[in-house]
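I've put the structures underneath this note.
Shared between the two complexes below is chain A, which has chain B as its partner in the first and chain C in the second.
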Partner chain A sequence: MSVIEVERVTKRYGEVVAVSDVSFELGPGVTGLLGPNGAGKTTLLKMMAGLLGPTSGRVSLFGQSLRRVPQLYRRMGYCPESERLYEYMTGGEFLVFSAQLQLLSDPENEARKALELVNLVPERDKKIRAYSRGMRQRLKVAQSLLHDPEVLLLDEPLKGADPTQRRILIDLIRALGQRGKTIVVSSHVLYEVERMASQIILIHRGRLLAFGDFRAIRESMDDRPHRVSLRVSDPKRLAALLTEKALVRGVSLSGDEIVADVSEPDVFYGQLPSVALEAGVRLTQLVSLDEDLESVFRYLVQ
Partner chain B sequence: MMIPTALLRLALRQLFGWHRLGLLLFLCALSALPVVVVAVTLASAQFDPDLRQEFMSEEFRATFLKVLFDFFLSPLLYPAIALLLTATILREEIQNETIIYLWTKPLARGAIVISKYVVAVLGALVFCGLSFLIMGSILINDINFIGKLLLTVVLALLAYGAFFLALSTFFDRALLWGFAYVLGWEESFSRISSAASQLSIRHYAENLEATLLGLSTDVSLGASVAVLLGLAIVFVGVASWRFSRMEFASSQGE
Partner chain C sequence: MTEKSRGVIYDVGYRPYEGPYLGRLHALASLIWDDLKRGLGVKKGWKYRAIIILLLVIELGVFFFFLVVSQLGELFGEGIPQFLLNPYTAFYETSTFVLLFLSALVAPNLLCDDRRYRVYPLYLARPIYTYDYLLAKAGAIFGILTLVTVGPALLLFLGKTLLAPNALDYLGEHQREFWALLAAGLLINLFYASFAMGISSLTTSRGYAAGAIIGVIFFSDLVADLLAVRNSWAQLLSLNALPLRVKDWFFFGKLLSIETGQGFSLEPLSPWIYLFATLMVMALSWMVVWLSYRREVR
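After this line comes the complex of A and B, so read on.
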């Protein structure tokens, strides 16, 4: 059984359609929820967290609706995008309070462990109002995982964090995913998602554009050429031969570099060594320029 | 429905923490106002032989207390104190968006509403009750009389508190709507329309007070108590119902 099921979910605010007919099922691992600002990511995540009800369709966690069964929050942790917190509490008090509401047997101990996980122990007794943006982010993440939930929904958890804090959080999220937690991380910063998640949900203007492994998604987009950078001893000769054999749609030359637009990467990579031999050129570098998440994102959103 | 003590402590801290010092001082000043009025009146009586003579009489003092109660405390001051506490305790948490941290916990939303209601009404009772007890004991020695008026305060606060809490689940500006109810509906419209007066908390509080003091009224003691308690239960129910259907759609971007 899937952990999170989203079935034909639509969310309208009057005439505005925030999310339109979106369906997917998620299991353990880290999934990146991607989309430009205003795409519907936060709305979708809030529906998964039970904070919003869909206008139509169904969202369930372990086969049940969070809005009907609040006990499911024992198995789910949610880190909101909002930076608002109980400003008059200290970070430690906030986590102890959260642990008490989760009815944990040793709230003090669980709060301490959560603070350690996000590297916030030195700030434990500081009032939240004195926390920096990055500290707030880490505190929100800490409160979402202090009861060791099976599911984590994190809305822009890296926003405002400095590079060191980002690394700490990315490593933590990746490690939790490897431990079998079902994690959904919303972000519009692609390289961060790429470092954490193997699977993506890509939404744009409320519609689901793609769902699955982003490398597989890229490979399935045959209508979009793959761009490959090659450094060779004689770029003009190799470029001419590649064009002649119709292995590329087009090439551009810059010094000793060729950037080739490739329609069928498997065929191209398979034949490239023999073509290079035939041309009598030495291949010194081969880099795929767009098998990263950003390319997938750019192509799909376009 | 279980209400974790952490929820009650949170509500207590929300209302009476140092961060709310301004409101606390204002409430202290409001609740001290009748005590100050009584003290000033008694002090000024020392300079007026006629007034001093009248204040020697226990009956006059009791009448003075009742007039103060009927025309200032019960219709205005105590509802205002209840409004300031009950209309803000839940609304503030919604507006601050900290409500997310309660909604994403394994808690029935009704438990959140009840915890806020209990703490806010107890707070109102402390401010109103203490003030009334001090004022009453300065004026008269009749603990029975003071007790009857205090019982009226308790039941009225339960109903007012629930009503204002319910308002706060519907309106962003619940304080404004609450004042409109107290000053517009109860203080103005109900005074000129007997039908409208029956649709006010104040009507049943006044009748309860009158029956407790043995005066003639058009509503029996049982009916007044039942209506005030019933209103408290119904409005807490309405607040819970409304709160449990609320969605969190903040102004934050996607």
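After this line comes the complex of A and C, so read on.
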């Protein structure tokens, strides 16, 4: 059984379709929820968190609906996108209150542990209204971890955090994922998602564009050339030979670098050594330019 | 990160929760306690607190006025209106002004901000029900109204008892009035808490909600006064008067004729009609609350 199941989910606000017919199943590990602003990420996360009901379709956690069984929130932590918290409380009071709502038996102790986890102990007695954006983010993540949930839904958890805190949060999320927790992290900062998650859900205008391992998604885009950068001792000669043998769709030259558009990567990588030998050139660098998440994202969204 | 260090949670200080879970009532108690503090302005600015304190002072003034006047009335007897001699029925009539402004202050403060700043997911992504959240709000509003209005009413009873020639005799003779005073206060506060919640759930603006609560009550009074010159039924339009009529009949055993202020005196309707109308306004308010929250939260 999957931990989270999203089955043909649609969410409409009057005439506006925020999420349209989205389906996927998630198991343990970190999944990045990606999409441009207004794509429907927050709406989808809220439906997964049971805070919004879908117009049609079904969302379940461990096979049950969160909207009907709130006890499931013992197994799930949710970090909302909104930066507003209970401004009149201190950070420590907020976590104690959250632990009380989570029905933990020792709220003070759990709040203290959570504050330590996100390095907010020195700010414990400061009013939340005086917190920076980064501190608020860390506090929100802390409240979602108070009860050690099996599932974590984090809406833009890194927004506003400073580089050091980003690294700490990324390490924490990745470690929790490796520990077997099911984590969904929404973000628009692709390289950060790439550092945390191997699996992505990519949505655009409410529609599911891609789901799965982003490298596998990239490989499945056979209709679009892969871009490869090569540094060689004689770029003109190698470029001519690659074109002659129809291993590339096009090349551009810049100094000792060739950037080639490759339509059949397997054939290209298989034959490149022999072609280089035949051309009598020395290959010093070979880099795939669009194997990263950003390329996948840009391509699919465009 | 090396392969060896991967997945070692304690590298970043993570410690899982291993303790037991408490029951839902603990969460409800925490919510009510937090809302009581918010509603009373414990951690809010001085302006909010000053208004709360002012309303409490006015209510204590009402208590003091009735205590002194009723004592003087007993001493000098002649010419003093009956309601001043036995002030319990009149106490809440005079307090409705305070109740109205207090409910218009507290209910929007507790309901509107949570929605305006979208913090209610933080409350609701917890093992509690939506109605726990709403019950806590209602409990806190009701608790604050009760503290500020029923508290002085009971003080009035205590004062009258202590100033009586024989306190124990007074207590024995007026026991029924004590319970009537308490129960009537609770009913009137429940009415105002429900109505204020109903209006506050329709908007995210505290100002609009407060204005609407005060405006609807005043407007309904005005319309009732204009239409009720010869028709007792039009008095039902006065939202403010409904729980007071129930109080008169149900708790103090009398239903006074209606003075229209234009020289007419109208016979009151059947007390059951006032009770029905009061319960309907409360039910309608709760329906509005539920419909407003049903769409956004589970």
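In the analysis below, the second predicted complex is superposed on the first by the 302 of 302 C-alpha atoms of A that agree within 3 Å, B and C clash if a C-alpha of one lies under 4 Å from a C-alpha of the other, contacts with A are read in each partner's own complex, and residues count from 1 in each chain.
FYI, contacts are C-beta pairs under 8 Å (C-beta built on N, C-alpha and C of every residue); 3 or more make two chains touch, one makes a residue touch a chain.
Note that this is a predicted model, so its numbers are computed, not measured.
**Q** After the overlay on chain A, what do you see for chain B versus chain C, clash or fit?
**A** With chain A aligned, chain B runs into chain C, so clash.
**Q** With both complexes overlaid on chain A, does A:G53 touch chain B (first), chain C (second), both or neither?
**A** The answer is both, since A:G53 touches chain B and chain C.
**Q** Determine, under the contact definition given at the top, whether A:E264 touches first (chain B), second (chain C), both, or neither.
**A** In the superposition, A:E264 contacts neither chain B nor chain C.
**Q** Taking the superposition as given, does A:D21 touch the first partner, chain B, the second, chain C, both, or neither?
**A** In the superposition, A:D21 contacts neither chain B nor chain C.
**Q** Looking at A:R74, would you say it contacts chain B, chain C, both, or neither? Reply first, second, both or neither.
**A** So A:R74 meets both chain B and chain C here.
**Q** Spot which of chain B and chain C makes contact with more residues of chain A, would you?
**A** C
**Q** Of the partners chain B and chain C, which touch A:K41 in the superposed model: first, second, both, neither?
**A** After superposition on chain A, A:K41 lies in contact with chain B alone.
**Q** Please indicate which partner A:E116 is in contact with in the superposed arrangement: first for chain B, second for chain C, both, or neither.
**A** The second partner, chain C, only.
**Q** Quick check on the superposed pair: does A:L103 touch chain B, chain C, both, or neither? Answer first, second, both or neither.
**A** So A:L103 meets both chain B and chain C here.
**Q** Mind working out whether A:D234 is in touch with chain B, chain C, both or neither, as first, second, both or neither?
**A** neither
**Q** Check whether A:R179 is in contact with chain B, with chain C, with both or with neither, and answer first, second, both or neither.
**A** Only chain C is touched by A:R179; chain B is not.
**Q** Just to be sure I follow: which residues of chain A are touched by chain B in one complex and then by chain C in the other one?
**A** Residues 46, 49-53, 70-74, 76-78, 80, 82, 84-86, 88, 97-98, 100-103, 143, which sit in both footprints.
**Q** Which stretch or stretches of chain C touch chain A in the complex?
**A** Checking each residue of chain C against chain A gives 1, 6-9, 11-24, 26-27, 30-31, 34, 38, 43-44, 117-119, 121-129, 296-298.
**Q** Which stretch or stretches of chain A touch chain B in the complex?
**A** 13, 18, 35, 37-43, 46, 49-53, 70-74, 76-78, 80-82, 84-88, 97-98, 100-103, 143
**Q** For the complex, which residues does chain B have touching chain A?
**A** 4-7, 9-10, 13, 17-19, 96-98, 100-109, 247-250, 252-254
**Q** Using the touch definition from the top, list the residues of chain A that touch chain C in their complex.
**A** These residues of chain A touch chain C: 46, 49-53, 66-67, 70-74, 76-78, 80, 82, 84-86, 88-89, 97-98, 100-106, 110, 113, 116-117, 143, 145-148, 168, 171-172, 174-176, 178-179.
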